[in-house]
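What follows is a short report on a single structure.
Labels for the chains are A, B, C and D, by order of writing; each one numbers its residues from 1.
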Amino acid sequence: VEVAALFAHSSGGKKVEQVLPSLAGLFGGTLDVFDPERARERADVAFTALPHGASAPAVAALLDRRLKVFDLSADFRLADPAAYREWYGEHGAPDRFGEAVYGLPELHRGELADASFVAVPGCYPTASILALAPLLAGDLVDRSTIVVDAKSGISGAGRTASASTHFPEAGEGIRAYKSGGTHRHTPEIEQELSRVAGEPIRILFTPHLVPMTRGILSSCYARAKPGVDAEACTARARELYRGSPSVAVLDPGANPDTTWVRGSNRAHVSYAVDRRSGLVLAQCTIDNLVKGAAGQAVQCFNAAMGWDEGLGLSAPAVWP
Amino acid sequence: VEVAALFAHSSGGKKVEQVLPSLAGLFGGTLDVFDPERARERADVAFTALPHGASAPAVAALLDRRLKVFDLSADFRLADPAAYREWYGEHGAPDRFGEAVYGLPELHRGELADASFVAVPGCYPTASILALAPLLAGDLVDRSTIVVDAKSGISGAGRTASASTHFPEAGEGIRAYKSGGTHRHTPEIEQELSRVAGEPIRILFTPHLVPMTRGILSSCYARAKPGVDAEACTARARELYRGSPSVAVLDPGANPDTTWVRGSNRAHVSYAVDRRSGLVLAQCTIDNLVKGAAGQAVQCFNAAMGWDEGLGLSAPAVWP
Amino acid sequence: VEVAALFAHSSGGKKVEQVLPSLAGLFGGTLDVFDPERARERADVAFTALPHGASAPAVAALLDRRLKVFDLSADFRLADPAAYREWYGEHGAPDRFGEAVYGLPELHRGELADASFVAVPGCYPTASILALAPLLAGDLVDRSTIVVDAKSGISGAGRTASASTHFPEAGEGIRAYKSGGTHRHTPEIEQELSRVAGEPIRILFTPHLVPMTRGILSSCYARAKPGVDAEACTARARELYRGSPSVAVLDPGANPDTTWVRGSNRAHVSYAVDRRSGLVLAQCTIDNLVKGAAGQAVQCFNAAMGWDEGLGLSAPAVWP
Amino acid sequence: VEVAALFAHSSGGKKVEQVLPSLAGLFGGTLDVFDPERARERADVAFTALPHGASAPAVAALLDRRLKVFDLSADFRLADPAAYREWYGEHGAPDRFGEAVYGLPELHRGELADASFVAVPGCYPTASILALAPLLAGDLVDRSTIVVDAKSGISGAGRTASASTHFPEAGEGIRAYKSGGTHRHTPEIEQELSRVAGEPIRILFTPHLVPMTRGILSSCYARAKPGVDAEACTARARELYRGSPSVAVLDPGANPDTTWVRGSNRAHVSYAVDRRSGLVLAQCTIDNLVKGAAGQAVQCFNAAMGWDEGLGLSAPAVWP
C-alpha cells in the first residue's frame, strides 16, 4: 500500500508537516487541492473525510471514476432516506444513497468482503453499538428503555476551534451537549441496533464533552430480563466478537478506562448487572480518532481487500 | 463566628499552611491533635470531617459535651440501621444513630432550624437528589426505572494518593468505578428520593472519575409520564427551590457545565425531555468540595443558627 | 460600590448570564453597547478591558468625561512612546500617553493614592516583576543576564477560540510561543525592572502555554553576586513587600504551585540559589485572571480611593 | 526478537494485563518474580528498569551470566565514581561501575556498535543534551551560564502514587521541584555536555511538573557568541544529527509542542536567538516514556545488534 496523494481544501498547498506537525521529518509531501480526476490517475482507493453534505458529491465523483471509496462522513451511513432528510436535510448524491456497506466489521464482516464502497461509522455509534449489540442479539434486555450516556474527548469535535473546544471553557469541566435526543448519531445507532434486534429500537443518546483529547466511553443502560447476569452478557459478547481482533471483552464487572485503548484500534467492552435495580450497565471504550475514525477505515479497507483485518493496526494503546 | 481550634490526626502539630498551602500568609496557626475536651473548652460548634466509622465516636464525644455538630461523614446520614449495616458495617455510636437532621437545606429547611446535630450530605447525593426531587415531588416520571450516571472530579476521592488518583492513570481518561450498584451513596440517594416520593425508590447509581479536580455532573434518566415536557419539569423545580439561594434552575434544555459552579456553593439544575424515546434527562452540577461538602456544612450551620442561609457563601464561581 | 453599567461590543444586548454563565441566578442584567456618555451619566469610575489599540480612544473618551479610569489594556503601561511604537505601532490617544500610573501597587503605592488614571499591568509583567524586583532593589544579582521562563494557563490567551487554545492541540502538551524575545510584555517588564535598578535592564522573556486554565509561574534566572544566598534574597523580598497584603514570600527553597493562588488575588514569591552554578532562581505564582487582571484592578481602585488595598480581595485560593 | 520472559518484584504472579491494562486481549502471559538464572535460561538480552540502587546488583547478576544488558536505571550512567557517591550514595556493584556505554545513540553511536552493556539515559538528560550538544560542539555559546528549565509530564515521576502525582494537587497547576540545583540528573547532563565541550560544564537544571501525562520540553538558555544566530545553531544541529532517524531539527524559531512527539521515539529540536538580550533558546521535546525510556533502550538494542537503529520505532506521534 502506498500513499499516492493527499488532498485538502483550505489547507491545499501547505506542507504536510505544517498541518500534521507529528510528521515533521517523517513525511515530506504537500497537500493538493482536491481533484477527483487526479485522484483517479494516481490511486485505486480513496479515503474521504469531509463534513456531511460536502462529502456526498466528492464521493460520487470518485465512485464514478471507479475508485473504491471508504467514506468517513455521515452521508452514506443511513439506509433510510427519510431519516437522512429528517436529521441532515437534502442529500448531496441521492443516486448513490444506500449503496455503501456500513463499515463496522464486527457486525458487517460478510458484506465488507469485496465491498467497493464503505460508509465508515464514527466514534459514538461504534462505541454504543459494540456495547449494546450483544444484549440485543442475545435477547438479554428489555428493548423499550435504553439509555446511552456517552463521554467523549474533545477531539471528537473536529479541528475547528470554537467556544466548546476552547481550553478555558472546556478544559477543567464536563458538560452534556445536544441533549434531549437531538444528536445526529442517534438514528445511526438505532438503525444498527434495530438490525441486530430485528425490530425498531429507540434510544436516548446523550453526548458529553470530557476534558481530555481522545477517547470515548459509552455507558449504556437497559433493564435486564429475568435471570440475566453479567456473566451471561459477557459470554454473549465473547461469542459475538469471536474472530474480531479489535475487540476485547473484559471480565464481568470490569470498568474500562479510555486510556487503555488510547492511540490503538481496540475496543474494550464490559458488563455489570445490579440486582437491586434490575439494570444492566454495558460499557465500551474506544479511541475516537482510531477505532472511531481512521483506524476503522483501515480495518474496513483490509476486510474489503480480503486481507487480515488487523493489518497495520496491531499496536497496543499508548498507555498511560 | 471565629475559628477557635483546628484539629487533625496524622497532621497534628503541623502548621496550617503546610497542610493547606493556599493559606500561606493568611492564617498562621497550627493543627492540634483532636481532643473533645479541648474542643468543648474553646468552641460552641464543631464541624467534623472524618471517614465513616471513625466519625461516629468523635461526634458522640462532642455531642456529649453539648457542642452543636455538623458532621460531614456518612455515619449519621442514613435513617435505617439495617441499611447502615448492609452498606457500612457496624456503627460506631449506635446510641446516636438516627438523631441527626439530614443536612440538605433545600429539602429539610424546617428541621434544620434549631438543629443541634446535622449529617451533611456529600457530593453525589446532593447533586443527584437536587436533580430528581422535583420529578418525584411532581409525579412527573415513572418511578420504576431511574438511572443516575454521575461524573466527578478526582478530588472526590479525598486527599490520600492512590492508583485511581495518580495523574498518569487518571489524568487523560475517564472510567466508571464501583459500577453495578455497589457505591455506598446509593442507599442515601434512595432514602431521600423515597421520602420525597412517599414510596420506596430504587435507582442504579454509577459514578465516574473525570480528569478534572472539582465538580460533579449528575445525569439522571427516567421515563416521563405522558404529556410531561421539559417546561413542566423546570416549572416544578423552580417551585420546589423557590427561596433556596444556592440553586439556579436553568432554562429547559440548558446543559450546565461543572465549571459554572466551581468554587461556589451553587447548584445548577436543568431538564430536557426526548419525545422520541419518552425519556427525561435531569442534570445537576455542583462543586463537590463546596455545595457537596464544606459549603453545604456552612449553609446548614447558618440555617441552624437562624441566620440567612447564604451567609459567607455568596461568591460566584471561579469561572473559567 | 455599585455596578452601575456593563458595556460590551459584540456581546451588546445579551444577558449577563449568557456571557458569564457562573452568574446564572446571581446577577440579572444585560450588557449594553459601549457609550461613554451613558457611562458618564451612570458611573464615577470605569474599568476598561479592551484589546490594545481599541482601548486608547475609549479610555480617552472616559477621561474627557471626568471618570476615573482603571485600564487593563497595554495602551498606557509604557512610559516611552518609542517603545510603544516599536512593539505596538501607532497609539490611539497620544495626548493621554504617559498620564497613567503603572498599577502595580507593590511598587507604585505612593503614586496610586489619589490617582485618577491607572494602567493596570497584566499577568506576565506582574509575576515577573514581583519575583525580580527584590533582587535588583537589593543589588543581589548580575544585571547583564536575566532569563524569564514563564508558564501560563491558557486563559491568558483571552476568550477568543483559536488553534492555540483548541483543547485537542493545547490540552495535553506544553509549548513555548513568541520565543526569541518577541513577546510584547518584554518592554513592560524591562521598564519596571529598570526603574527599580536605576539603569536599563534587558531580559529574555519566553512565555509558554501550559494545559491548565488559570495560573502563571514565572521562573526567573540570574547570576548571584558573591555571597548571596536564598536567605538573603528572601529577606530582601520580605522587606520590599512588607505592608503588601497580596504577596506572601515563602521560605527559601519553597516551590510555589499555581493552584495555591488560584482564584485569589495573591502572589507567592520564593528564592533558591544553586552554589554549584552560582545562579539564583526567583519564582512567582499568581492567578493570571485575578492578581494578573481584574483583582489587580480592584486593588488599584482601592488604593486610589484611599481604602484598604485588600477590600473585596481577601478570599484565599480555591485549592485544590 | 521474542519476548522470552517478564520479571517483576511486587507484581510477580500477576497477569500482564492486570498490570498493563492496554495489553488486554493482546498479550496473555504472567509476570514472574525476578530470577537471573531463569533469565539466563530463556533469554540472550535483558532490559532492566529498576530504581537506582536496586538495579546494580540485578544487572551484575545478569552480566555475570553473559546476557547483554540494557539498563534503564541511573546506576551505570555516570563515569565518575565520586559523582555517583555524591548524588546517589554507595554503589551496588562497584566492580561493574564504568563498564557501560552511555546509551544516547545520537552521541555514542560508535561505542554502541557491539556493546554488550548499555546505560540508557532517562528523560531529562536526553532532552537537555540533545538541545545543547550542537551549541557546545559548534562553540556557539558562552559556557559559563547555562540554564535548563525543564517541563515534564507527570508520568516522569513513576508509577507509585504520591502527593506530587495526586490529581487534585497536580492536575491543574504547575510547579518546580528539586529546585536550586538539587536534582540528580544534573551531573549526568553535565557529564555529557562536558564530553562534547571538552571541558567541564556547569548548569542550573530546574525540573517542573506539568499537568499532562507524557512529554518533556527542555528549554535551555545560554549567551550566544557574537554573530551567532538561530540559523547557525540550526545548521550545526542538522549536521550533528544527520543520520539520526529519531531527531528532527525544526526550522529556526519553531516552537515544538510535546504532543507532536507523544507516543513516538522522536525528538524535536529548535533554536531561537534574541538579539536584544543576546541569549539563545534551545528547545527539545521528547516523549519521556519512549525516547526518554523504553524506546531509547530499543534504539540502543538495535544499534548494539548492528541493525537499523529505527527498527520497531518508526511510528509517528499519537497527535493530537
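Basically, a residue touches a chain if its C-beta (ideal position, glycine included) is under 8 Å from a C-beta of that chain, and two chains touch if they have at least 3 such contacts.
Small disclaimer: the values here were computed from a predicted structure and weren't measured.
Contact tally for C-D versus A-C: the pair with more C-beta pairs in contact is C-D. Counting the residue numbers that touch the partner chain, subunit A and subunit D have more than half of them in common. Inter-chain centre distance (subunit A to subunit C, centres taken as mean C-alpha positions): 45 Å. With centres taken as mean Cα positions, subunit D sits 37 Å from subunit C. Among all residues of subunit D, those that touch two or more other chains are 155, 168, 171-172, 211-214, 257, 259-260, 262, 320. Within the complex, the subunit C residues that touch subunit A are 153-155, 157, 159, 161-163, 165-168, 170-172, 211-213.
Listing the residues of subunit D that touch subunit A in their complex gives 20-27, 155, 172, 213-214, 247-248, 250, 257, 259-264, 266, 268, 315-320. Listing the residues of subunit A that touch subunit B in their complex gives 145-147, 149, 151, 168-169, 171-177, 179-182, 186, 202-204, 206, 208, 210-215, 217, 219, 221, 223, 230, 253, 255-260, 262, 272-277, 279, 281, 283, 285, 320.
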